[in-house]
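Quick heads-up: structures coming right below.
Two complexes come next, and they have one chain in common, chain A, joined by chain B in the first and chain C in the second.
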Partner chain A sequence: MFARIVWLVLRKDLTVEVRSLEIAYTTLFFAVSCVLVFAFALVQEGRAPEDGAAGILWISIAFAGTLALGRAFERERQSETLRALLLAPSPRPAIYVGKLLGILVLLLAAEVVLLPLVALLFQTNLLAHPFWLAAILLTGTLGFASVGTLFAAMLVRARSRDVLLPVLLYPITVPVIIAGVRATALLAQPEFEVALVRFWTALLVTFDVVFVTLALWTFEPLMTD
Partner chain B sequence: MTMPKWFTPAAAICGLMFAASPLLIANAPYESTMGLVQKIFYYHMPAAMTFLISALVCGYASIRYLFGGNPRHDRLGYAAAELTVLFGIIALVTGPLWARKAWGVWWQWDVRLTSSLMGWMVAVAYLLLRKYGGPGSDKLAAGLALFGMANVPFIYISVNYWRTIHPTTSVVPTLPTSMGVPLWFALAAFLLLFVLLLRMRVILEAQRARLDALYLSLDA
Partner chain C sequence: MTVDFDDLTVEDVSRTFGRRRALSHISFRAARGAIVGLLGPNGAGKSTMIAVLATLLRPTGGSVRYGAHEAGPHGPALRSAIGVLGHDLFLYPELTARENLAFFAGMYSALDRHAAADAALQQAGLADRGDDPVASFSRGMRQRVALERALIHKPRLVLLDEPFTGLDDASAAALLARLRALRDAGAIVVLATHDLELAEGLLDQAVFLRDGRMVHAATRPEGLRATYRSLVGADFSRPGR
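The block that comes next holds the complex of A and B.
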C-alpha cells in the first residue's frame, strides 16, 4: 500500500515533468548560470582556487535545488492539487516520500550534466573516484531534498513562500553543504584520504536518516490545517 | 492573564543586579595575557548561555505545540524565539569585539562561532516565517524549530572537523574565584532578565490572543 502510493505520486510527478520538462530545463540552466557567476567571482589569472570547484558545484546544486523545490510545489498549488493529494485515503508519509523521490530524480539528473561541466571548466580531477563521488552526491542531495521537500510542502499555504523557502532551508542544510563540499574537495586531492571521505559520507548518511525520519514524523501534523 | 505579583520586585532586583555588575567586573583581576579586553567575557558568556537556554525553551515549546496543539506552547515558543534573537545579538556582537583584540581578527570560522551564527539564523528565520508567513505559520514555525534543534549536533560536528579555535567549555570551571564571582553574578542577572522578558512577552501574546477572540465574538 505504502510503496504503491509512493510509486503513484512519483510517477505522476515524473509524467508531468516529462511532458513539459519545465523544471528540468530551468533548473539546469540556472545551475549552469550559477557556475558561471561563481567562476567570475573566484577565478583569478585563469585558475580557480583550490577546492573551488567542489564549493561551486554544491552551491549550484543548493541554489538550483531551491528553484526546483519551489516550482514543483507551485505546480501542486494550481487548481489545489496538493489538497486533493492530501484528501486521498493514503498515508501522508507516502505522499512525502513520493514527492521527495521526484525531486531527487530531478536533481540527480541535473547533477549528471553539471558535474562534467564543473570538472571540465575548473580542470579538477573530480571524477577520479566515481563510486565515492556518486555516494557523496546521492547522500548530500537526499539530505538537502529531504528537508527541502518538507519545507516547500508546508510553505505551499503560506504567504511569501518563494522568499521564505531559501530563508528557512539554508540555515538548516548548512551541515550538508559543508560535508558535501569537504568530501568532494577531498576526492580531487592528489593523495586520496579515504578515512576523511568516509567520515564526511557517514555524516551525510546520519543527517539523511535523522532528517528523513523527522520529516516523516512531522509531515502529518505540519500538513494538517 | 495578568502580570504575576513577583514581577515588579523581580524586575527591580534584575535592574539592581545589572547596575551592580560593572562594579564587580571592574574589581575582578586582569587576565594575564589579554588584560582589560578580557572583561567583555563577563557579559559575553552569560549572554551566550542565555541565548542557548532560550533556544532550548523555544525548541521544547515548539515540539509540544506541534504534537499537542495547545496555543500556550505556541506563545511560549514565539516569545523564546524573539529572546533567542535578542541574546544571540548580544553574544554575536560582544564576541567579535573581544576576538578582535584576543585573536587579532573580528571573526573566525570556528565551530562555536559558526554554530551560534547558524542557530541565531534559524531563530531569525522562525520570526520571519511568523511575521510574513500568514495564517498557519505558527505550526510551520514550530516545525522549523524542531528541525533547527535536530540540526545542532550536525552543525557542531561538521564545523568542528572543518576548523576550530574557540576556548572550550572546560575553561570556565577552572577560573579563579575572583573571576568566577562576577561571571556567575552576571549569568544570574542575564537569566533573571530572560525569565522576566519571557514572562512579559508570553503575557502580551496571551492578551493579544484574547483580544482577537473578543473581536471575533463581536462579529459573530
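The block that comes next holds the complex of A and C.
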C-alpha cells in the first residue's frame, strides 16, 4: 500500500512536469545563471579560487532547489489538489515520500547539467571519482530536499510562503551544504583522501536518516488542520 | 480497513481559528438516503463545516460521529467512505481527465483504477474527451469530472461545497439528477450552497447558518427563500452562476 501510493504520487508529479517543464526550465535557468555569475566574478585570468567550484555547485543546488520546492507545492495549491491528496485514505507519509522523490529526481537532473558546466568554468576535475561524486550529490540533495519538502508542504497555505521557505530551510540545512561542499572539494584535490571523503559522506547519510525520519514522523500531524 | 456507517451525527460542534469563531455549537443528524443542505451567505461557516465533516479540520468543541465512530482514531478508514467535491475542483489541469480519475482511483485503492476511470468518464458523459487535458475543458465539464473524482470510490458520505458554481442550466439539472440518484442509492449527501433556487425541492433537511451559528433547521423544507429571508433578512439571488 505504502509503496503503491509513493509510486502513484511520484509518477503523477513527473508526468505533470514532463507536460509543463515549468520547474525544469526555471530551476535550470536559475542554477546556470548562478554558476555563470560566480564564474565571471571569481575566475580571474583563467584561474579559479581553490575549492570554489564545490561551493558554487552547492549554492546553485540550494538556490535552485528552493525554487523547485516552492513551485512544486504552488502547483498543488492552485487547484487545492494537496487537499484532495490529504482527503484520500492513503498513509500521508507515503504522499510525503512521493513528493520528496519527485523533487529529488528534478534536482538530480539539474545537477547532471550543472556538474560539467561548473567543472569547465572553474577548471576543476570534479568528475575524477564518479562513484563518490554520485554518492555525495545523492545524499546531500536528499538531505536538502527532505527538509525542504516538509517545510514547503507546511507553508503551502501561508501568505508569505516564498519568503518563509528559505528563511526556515537554510539554517537547518546549513550542515548538509557544508558537508556537501567539503566532500565535493576533496574529490578535486590532487591527492584523493578517501578516509575524509568517507567521513563527510557518512555525515551526509546521518543527516539524511535524521531528517527523513523526523519528516515522516511529523508530516501527518503537521498536515492535519 | 473501511468504516461503514448509517448516520452522521454532528453534536455541539464549534471551531475557532485563533480568536475568530467560525462555527459555534452546531448540531444536526443525517441518516442514509438523505440530502442535507447547509444554507447561508458567504462567511456563514458552510465550508468550515464541510472541512470538519471531511476530517480535514478537527472541531475545537463538540464531536462528529459517523455511525458509532469518531474521526480521530478512525480518520483514514473514515476517509475511504467520504467523497468531497470542493469549491476548487481538486484536479490536475496538465493531466487528462482519464489520468486524473485513474490517479485518484489509485489513491482510494481501487482494484482496477483504469476500469474505475473509464466507468467514471462514462458516467460524466465525457468518454470521448477522456484523453484531453483537463485544462482544455469548460468549467461545466471540469465540474463533471470533479464530481466523478469525488465519487470514484463509491463513498457513503458525499460532501459538496457550492457545486452549482459556474454551471449552466443543463449541467445544473444533470448534477441535481446525480444527487437524487446518490440519495436513492443510500448515500448521505451534505450540500453547502447559497443557491436556494436549485436547492428548493432537493433537500430532505436544511440547516441555516449565519456567522457560524445555526439559526434554524428544518425537515422536508419548503419555501427556502422565504424562510431564509425571515431568518437572515436578505434575499438570495444566484451569485456565481
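Keep in mind that, in the parts below, the second predicted complex is superposed on the first by the 225 of 225 C-alpha atoms of A that agree within 3 Å, B and C clash if a C-alpha of one lies under 4 Å from a C-alpha of the other, contacts with A are read in each partner's own complex, and residues count from 1 in each chain.
Going forward, a contact is a pair of C-beta atoms (placed from the backbone, for glycine too) under 8 Å apart; a residue touches a chain by one contact, two chains touch by 3 or more.
Since the model is a prediction, treat every value here as computed from it, not as a measurement.
Once chain A of one complex is fitted onto chain A of the other, the partner contacts of A:184 are absent, as it touches neither chain B nor chain C.
Of the two partner chains placed by the overlay, only chain B lies in contact with A:150; chain C stays clear of it. By the touch criterion defined above, A:91 lies against chain C but remains apart from chain B after alignment on the C-alpha atoms of chain A.
In the superposition on chain A, contact of A:222 is made with chain B only, not with chain C. Looking at the shared chain after the overlay, A:214 reaches chain B, while chain C stays out of its contact range. Judged by the number of chain A residues each one touches, B leads among chain B and chain C.
In the superposed model, A:199 makes contact with chain B only, not with chain C. By the touch criterion defined above, A:168 reaches chain B but does not reach chain C.
In the overlay built on the shared chain, the residue A:160 is in contact with chain B alone; chain C does not reach it.
On chain A, the surface touched by chain B in one complex and the surface touched by chain C in the other have residues 225 in common. Every residue of chain C that touches chain A in the complex is listed here, in rising order: 2, 54-58, 75-80, 82, 84, 86, 88-95, 99, 103-104, 106-109, 133, 149. Within the complex formed with chain B, the residues of chain A that make contact are 147, 150-151, 154-155, 157-160, 163-164, 167-168, 171-172, 174-175, 178-179, 182, 199-200, 203, 206-207, 210-211, 214, 218, 221-222, 225.
Looking at the complex, you find that chain B touches chain A at residues 66-67, 118, 121-122, 125, 128-129, 132-134, 136-137, 139-140, 143-144, 146-148, 150-151, 154-155, 157-159, 161-162.
For chain A in complex with chain C, the touching residues are 1, 4-5, 8, 12, 15-16, 19-20, 79-81, 83-91, 224-225.
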